[in-house]
Each structure stands twice: as C-alpha cells, then as structure tokens.
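One chain, chain A, links the two complexes that follow: it is found with chain B in the first and with chain C in the second.
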Partner chain A sequence: MTRKTINTSALILLGVVAFGIPLVLRSPTYLHIICLLFFYAYLTTSWNLVGGFAGVLPLGHSAFVGIGAYTSTVLSLQYGVSPWLGMIVGGFLAGIVGILIGLPTFKMRGAYFALATIAFGEGIRVMFENIETLGPLNIRGPRGLEIPPTHTGFVNFMFNTKEPYYYIILVMLIGVIAFTYFISRSKLGYFLNAGGEEPEAAMSLGVNVARAKLIAMAMSSFLTALAGTFYAQFTLYIYPKSVMSLDLSFEIAFIALIGGRGSIAGPILGALLLRPVSDFSRIYFGSSLPGLHLIIFGTVLILVMIFQPRGLQEPLLKVYNKLLDRILQQAPQGKAGHEYS
Partner chain B sequence: MNILEINNLVKDFGGLRAVDTLSLSIKEGEILGMIGPNGAGKSTAFNCIAGVYSPTKGDIFFAGKKINGVKPWNLCKGGLARTFQIVKPFRSKSVLYNVMVASFATTDKTAAAEEKALEVLKTLSFEHKKDERAGNLTIAELKRLEVARALATEPKLLLFDEVMAGLRPAEVDEMVQIIKNLRDRGITIFVIEHIMRAIMALSDRIVVIHFGKKIAEGTPQEVASNENVIKAYLGDEYVVS
Partner chain C sequence: MEFFLESILNGICMGSIYGLTALGLTVIFGVLKVINFAHGSLIMVSMYVAYWAIIYTGVHPYVALIIVVPVMYFFGYYLQDIVIKPIFKAEKDVREPITVIIVTTGVWYILDNLTLLIFGPQYRGIQNNPLRGKMLDIGNMLISVPKLWGFVTAVITAAAVYWFLQKTRTGRAIRATSLDREAASLMGINQFKIYNIAFGIGTAIVGISAVTLVPFYNIFPSVGVLFDIKGFIIVVLGGLGSIGGAIIGGIIIGLIESIAPMFMTATWAEAIVYGLFLVVLFVKPSGLFGVKYDW
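Up next is the complex of A and B:
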C-alpha cells in the first residue's frame, strides 16, 4: 500500500459516508444544518479561487450569492423559467459583475482591495433594498421574494423533504472541490499563487497577473452565484439582508482564514468547525446573546492568525501525514508536494 | 547581429534623471557587463529594458523589434528574462513550484512544465533542493533559484541584476561558471555586478555608467585602466598621470 492509495481510499470512504448520511440521519433539523454547512463550504471553496489562490481578500462575495438567488427566482416567478436554467443565467451575470468589480479593484493592494469590495457588495445590497422594480423585473425592495411551494419536483428545484437538497448541495460541493483542485494544479493556479505572493517576480516570469486574477474572479463569482440559487430554492424566501448581507461575506472569509486559505481542505475544514458553532450558538443563545458566534469566530481567528497563520489545515495535515507514516512504518520520505499548495 | 540595442535611453523620476542618453548594444552570444557606483542608474536601465518602467525618451530594440513599454510578461514570452537584485522568491512554495511558474511561460501543460523545471534544476545542480520551501533557502540558494526561474522561461537574453551580491568567494566562482555555461548554450547575457573579480572574469565587454551616463566601454582590461572609471570609483586623486 502506498500513500497515494491510502489517500484515495480515504477520500472515497469520505464520499460514501457523505452520501450515506441521509439514510441514517432522518431528522430534518439536522439535515438542514448539514445542508447549510455544505452550502458554506461550497461558498468558501468558490471564494478561495480568488481569496486563497490569488492572495487578495475579497469581502463582497455575498453580492454574487444575491445575484444568483435573485436572477433564478425572478426568472422563475415572472417567466416560469426553471431555476436550473436561471442558476446558469445568474452565474454568468455574476461572472460579468465580478469582472466589472475586479477591473478597478485588482489594482489596489491589501486592505484597500478588501474595503473596495465591501463597498461594491454593500452598494449592490442597498440598491436591491431600495428599488421595487429593475426594468421589467419585480424585485420588491426590502420585502424580498417568496417562492410559493406549489409545484415541487426536480425541474422546479423544489422538494418537500430535505434529502434532495442535501444531495444537490453535496454534488455541487464535490464538483467545486474537484474544480478548484484541478485549477490549483493548472497553469492558472500556479500563476495565481505566484501573482499573489510576488507580483513583480511573477510578471517578469511571463505571468499576466491582472488577467489571471480577473479570470479567477469571473470563475469565483460564477460559482458563488450558483449557490445563491440553491439557497433561494432551499429556503424559498429571499430578501436583500438574507442573501447579500455583509455578515455572509464576512462569514465566508472567516471560514477560509481559520480553515486555511489557498488550500483545498481549508474551506471544508473551516466550515466543519465553524458552522456548528454558529448554529448551536444561535439555537441556545440566539435570544440572550445574539451574535455570540461572531465573537467566538473573532477570538478563534485571532488565535489562529497568531499560532497558525496558514490556517488549521496545516497542523491537521501534518498530524494526518505522521499517522500515515506510522501506518506505513517507513521513514518520512521528504515532504509531500501538496503540503505547500 | 545585435540582440539588444538601446538608443539614447532617458528615464526621469520627477526631477531626477536616473538614466541619461544611454546607448549600448549587445551582440548575440555575448556577455556584456555593466558596472557603476551605487545609484548610477544600472538597475533603472535594467528595469526599462525589462518593461517595468517605460522610458522617458529613447528606444530599446530587442531582436530587431522596438520594445518600449511592452509589458514584462510579453517580453518574457518573447525571450527576455531577468533576475532581481533583491530576490523575490515565492516564499511559501517549494523550489520546484517556483521554477514551474516560470516554465509555464513555454507550455500550458502541468506535466511538461514540471519536466522542464526539473531539467533546469538539474543543469544548475539544484535538484536535491526541489522540495525545499523557498522561504527556508540561504541567500546563495535564493540567488540560484532566481537564475533557475529566469532560465526556465527559455530566454534568448538574460538580464542578471547582481546575482552574486552577498555570496561567499567560492559561491561566486560557482555562479561565474554557471553563467559561462549558459553562454555556451547560446544565451546572450547582460550582467550588472559589483564584484569586480567576477565581472572581469565573465564579461566580453564592459559598460561603465555614472550618474546615468555611459563613461566608458571596452574589454575588461581597457575599462580597468580607463581614467574616467577610476575617477568615478575612487576619486580624482587616484588617477595616475
């Protein structure tokens, strides 16, 4: 047995377990929580294409969730278009908006970029909150859109039980993980990492840093918008504060930073660790201490940044690799390449 | 044929003229050295050639084409690579990863880029460090990494900006040998260097600049005995008359 076969079988086992969960766990409440966990893992993995690989800190990604959610919902409510189709339309729309936001902001560095993306994200939310109609489209301002749960079924992306939602978001999550894995090992992934770390050196080595970042931004906003449609169909009610809030953008960034931005496992790990915290603090302290989860996140983030600036995935991966070494009973043969990527 | 030709290059930063009507040319397969006191404008001239700055006045021709204001990444794809005086490695990544970023300049496939990068590391006898994180390397190794990355882009012309600064004498000799080997492989080389022993041993010709202007040009021997050069470096009273 080699390291590779163990890794692959562990991943397959994880997949099987993930697909088996609804067979064992029948409680809709818990399934709902897990669906949201996957939703956040998905969002963060999409965010990671820009925020992780390209080394910038976008804090306006909820705008893309909102664009995805609103596009598919408006199209299905007003024109009877299947949300699946609306999902793709929303994705492309978000991709275009992503490029438009990226064009001026990628010239900025560090905190300025983060601030500019917050401004764009908040701008879009305020706009949606203050207008009733956008041309022929009815978006109903702050009241938001309700999707009447009349026509359930796959084509309408609407179900009476949680299981179908669970499988949809699981497949989406696996898809986006596979996609980012593929990107991280492609030319674009190398260029993004290089451009994020030392832009000048990267440029002199043939990397058009600005273009690489824009491509990543387009992909990231496209993928993020797909999750917006999922969220709209999952909750059947969207309003600007629910799908475009700054809190959502921050939570994505929190998960990525604590889990480990720039790595494939980081966002998943971050969501696994942080989502339960926020769910349980909302269930048990929601009335007495609202927002407790954000305080916990902040504290955890400070500790992680001090002791593990690369996020929690690094020490956990080290433990995992050591465990593997012990199982294989051989001397560690150098460090595996994926530790740095 | 001249692979690089610079005609009356001027670069101003506000009121400061960093490079002043500089003209020079490099023949294919040549090693040209550039020396000059600190602040003479050597690195600025380099940055103009490499596309980091666009010249205020004057023209730069690379392989017969005018390259004023051409972006660095396009120059790199055209066969012009450079190293940085202050090394700029991708610190969190492995040595192999660093070199692979560069070898993607010639291919789109990850496997091909890896193969190319390994080949470059082998020619620089640097293969044993391929999995080391670049942030953990010594300064000598970082300089070598700079060379490896520049080399992996398959350049016709290599600009070396003080690749030997901070090295021990034995390491300098190694680097001189590496650069000579590169020339033997057909790469034209333009070096800025402060270590006289190295630049004298390396260069076919040397250009000396002072306050942005060219004050001497010739073989290492000619330059070393040139009055203007001694004045610029040591002061008037050292000129033997």
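Up next is the complex of A and C:
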C-alpha cells in the first residue's frame, strides 16, 4: 500500500458514501440541509478560483448567484425555456458581467478591490429591487419571482422529492471540484498563483497577470451562476435579498477563507464544518438564542485568521498525513518501510 | 424653490453626520492602512451605550458624550490591542493586510449578534428628549434641529481632530507612523501603541457620531449595517485618510439622498450612490481630497 493508493481509495470511498446517503437518510429535512451544504461547498469552490488562486478578495459573488437564478427563472416562466438551458444562458451572462467587473477592478489592490466588488454586488441588487420590468422581462422588483410547482420532471428541473436535487448538486459539486483540480494543475493555475503572490515578479517574467485574473473571474462567475439556477429550482422562490444579498457574498468568501483559500479541499472543508454548525444552532437555538450561529461564525473567523491564516485545511491535512505515516509504518511488508530506511 | 432649499439644508445636516461616522473610519485607515469592517457595529455599540446612559441618567442627549467618548475610546483601544494586533505582528511586511478586513468582519458578526442576543431585536428610541422631532422654522423652511446639532458637532469634531493631529505630540507621532511605520519606529515611536491610540480615537469619534444620531434615530442590533457600506463609500469618495474629505464626502452622500427622491423613486438614490462610488474608484481612486498613495 502506498500513500497514493490510500488517498485514491479514500476519495472513492467518500464518493460512494456521498452517493449512498439518500438511500439511508430518508428524512427530507436532513436531505434539504445537506443539499444546501453542497450548494455552499459548490459556491465556495467556485469563489476560490478567483478569491483563492488569484489572491484577491471579491466580496460581491452573490450578484452572480442572482444573475443565474433570475435568468433561468425568467426564461422558464415567460418563454417556457427549460431551466437547464437557462442555466447555461445565465452562466454566460454572469461570465460577461464578471469580465466587465474585473476589467476595471483588477487594477486595484487589497481593500479597494474588496470595496469595489461590494459596490458592484450591492449596485446590482439595488437595481433588481427597483426594476419591475426589464424590457420584455418581468422581474417584479423586491417581490421576486415564484416558480409554480406544476410541471415536475427532469426537463423542467423540478421534482417532488429531495433526492433528485441531491444528486444534481452532488454531481455539480464533483464537477466543480474536478474543474478546480484541473485548473490548479494547468498553466493558468500557475499564472494565477504567481500573480496573486508577487504580481510584479510574475509580470516581469512575462506572465499576463491581468488576463489570467480575468479568465479566472469569468470562469468563477459562470460557475457561480449555475448554482443560482439550482437554488431557484430548489427553493422555487427567489427575490433580490435572498439570492443577491451582501450576507451571502460574505458567507461564500468567509467560509472559503476559514477552510483555506487557494487549496482545493479548503473551501469544501469550510462548508462541511461551518454549515452544519450554523444550521443546527439555527434549528435548536434559533428562537431562544437568535444570532448564535453568527457569533460562532465570527469567533471561528477571528481565531482562524489569527492562528491559522492559511485556513483549517492545513492542520487537518497534517493530522491526516501523520495518521497515514503511522499506518504505513506499521504495515509489515509495505513499500513505506524502504522509503524510511 | 424653498422646498428645494429645505431639502438641500437637511441633506447637508444629515450628510455631515454621515461624514462624522466616516471620520472615525478614515482616522483608523490613515494610520493602520486597513479598512475597519466592524465600523457599523461600533456605531451600533456606541448608540446602545448612549441610549442606556441617557435613559438611566435622564440628561440631555449631548451630555452623554462624557460617558460615550471614553467608553468607546477604550473599547477601540483594546479591540485593536487584543484582536487586530496579532495580525499585524504576523504580517509585518504587508503594507495593507487584507486579513484585517476579514478579522474585523468577524468582530462585526460577533458584536451585532451578541447585541441581538442580549437586548433583543426590538427598536428603541429615546422618546422624551428635548431634541426629538424639533423643527427650526426659517421662512417657510423646516430644518430638523437634532440634525443641525449633528452638523455643528461634526464641524467641531473635525476641527478638533485636525488640531490634535497637527499640534499635539501624540498627534505628530500618529502622523509619523502613518507616513512611514519603520522610520517612525526608529525614531522611538511605539508603532503598536500608536495603532491602539489611533483605533481608540477613531472609535471615540464613532461614539460622538452615535450621540448625534441617538436623539432622532431608532436603535436596533443591525442599525450599524446602514452606516457600514455608506461609511466605506464616503471615505473613498473623500479620499481615504483625509479628515476634511470625510465630512465633504458625507455631505455629498447626504445631498444625493435628500435631492434625488425629488426626481425619482427614493430607492434609486441608493443606486446612484453606488454608481458615483464606482466612478470615483475608477477615475480617481485616491478620492476627491485624498493623498495619492502608491496603488
């Protein structure tokens, strides 16, 4: 047994467990929570493409969730277009908006970039709240859009049970993880990394940092918008404050940061650790101790940033590797023995 | 015409209060080079301190300054000392540590929700105070008296802060640290002490602005959020680190908010504010009155 085989088999086991969960867990409430958990893990992983690899702090990503949600919903409500098609359209629309936002903002540094993305995100939300009809499109301002649950089925992206939603978001999550993995090993990934850490040095070596960041932004906003469509179909009701709020933007960024930006496991880990805490404290203490989950969230955020600025994935990975070492050493005729001799 | 002038005057008064809240933010930025995302929460905390001080003693709202200013000074001082300083120590070489944004957002979450937990979500207002609902009648124009008080307070505070930074020994040390951390340290200035003091002063100014708000504003746990983004916009508009710029930037926002509703739906005014903010960011990121930084 080598380290690699253990890692691969652990991943496969994780995948099998993930696909098997709905067979064991029949409660719709829990499935709903897990769906949202995956939804967040998907969002943080998409955010990580620009927030992690490109080394900037975008705080307006909920705008893309909103664009995705609204595009597919408006298209299906008014023109009967399948949300699956609307999902792709919304993705491209969000990608274009992402590039438009990125073009002027990537020149800025640090806090200025964060503030500009907040202003863009909030500006888009305010616009959606003030517009009743956008040309022929009816978006109904602050009241939002309701999707009548009449035509269920795969083409309509609408189901009576939670299981199909679960598998859709699971596949989306696996897809985005694979995509991130691919990007992190590609030339673009190295460019982004170099540009994020030492932009001047990278530029002097001929790396077009601005272009790499723009591509990352376009991909990130495209992927984020896809999740917006999922959310719209999952909850069947969207309004600007739900899909475009500043809170959502912050939550996406900070979950990823707590898990560990710039790594593949970090953002997912952040969602897996923090979402349940927030969900369960809301369920059990929501009425008696309102806001408890955000106090926990804030405390974790501060502690992680002070003691583990690279996120929780680092110490956990260390523990995992130590555990592997011990297992490999104990194995009598393992290859690891030779490595250590 | 009078109606128009009335809106302008009220806009200037409210805007100068916005400017006063942003003044605290800009003082902190000027020295620490970080944007304090817990800014709105500090306003909220100050408002609660002022509220309880006024309710328990029954004094005129502005007398509460005696309590609010020192309390908030030490609150800010120790917040920086305990929570933010470790980040600076860890990221010594970074000119503008982005991590501080994240940590102060954590502070925001904790303060807002702790307040919600302790005091509940209800709106509080000081109903029987001598300023509430008072209107000054000039010609046919009605000017809100508590906002006028706020305007006067904002101007006095800005002048006082300017004087303090220019003339006093501590003020000079603060400016030296703001210009060059390393050089200031070499001159025997304790960099982190200055950070604490600057954060304390910034928070104390926030406390003053809260006192001007309390007579006519409702107090609830998430009240700070209303001032949060607005504060960021004002300081960038006026130029991060500029004292006069903060007040002028605040007045610009106040004017947009009071005049725009005459021509369009009130909610669109918010979109105009964001638009103006982005234009300034792209065209002149150092702001209208800002010092040119090297980014």
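As a convention for this text, the second predicted complex is superposed on the first by the 326 of 341 C-alpha atoms of A that agree within 3 Å, B and C clash if a C-alpha of one lies under 4 Å from a C-alpha of the other, contacts with A are read in each partner's own complex, and residues count from 1 in each chain.
In this text, contacts are C-beta pairs under 8 Å (C-beta built on N, C-alpha and C of every residue); 3 or more make two chains touch, one makes a residue touch a chain.
All values derive from a computational prediction rather than experimental measurement.
Of the two partner chains placed around the shared chain by superposition, neither chain B nor chain C is touched by A:Tyr239.
Once the two complexes are overlaid on the shared chain, A:Tyr40 sits clear of chain B and of chain C alike.
Touch counts on chain A: comparing chain C and chain B, the chain ahead is C. When the two structures are aligned on the shared chain, A:Asn130 is found in touch with chain C, with no touch to chain B. In the superposition on chain A, A:Tyr165 makes contact with neither chain B nor chain C.
Residue contacts after overlaying the shared chain place A:Ala201 against chain B, while chain C stays out of touching range. Of the two partner chains placed by the overlay, only chain B lies in contact with A:Lys187; chain C stays clear of it. Contacts of A:Phe230 after superposition on the shared chain: neither chain B nor chain C is touched. Judged by the document's definition of touching, no chain A residue lies at the interface with chain B and also at the interface with chain C. Interface residues of chain A facing chain C in the complex, by the touch rule stated above, are 57, 104-105, 108-112, 114-116, 118-120, 122-123, 126-127, 129-130, 246, 250, 254, 257, 289-292, 294-295, 297-302, 305-306, 309. Put simply, chain A touches chain B in their complex at residues 185-187, 190-191, 193-194, 197-198, 200-209, 310, 334-335, 337, 340-341. Residue ranges of chain B in contact with chain A, taken from their complex: 50, 52, 71-73, 76-77, 81-82, 84, 88-94, 96-97, 100-102, 104-105, 108, 110, 113, 131, 133, 149-150, 152-153.
On chain C, the positions that touch chain A within their shared complex are 34-35, 83, 86-87, 90-91, 96, 98-99, 101-103, 105-110, 112-114, 116-117, 121, 221, 229, 232-233, 236, 265, 267-268, 270-271, 274-275, 277-278, 281-282, 285, 295.
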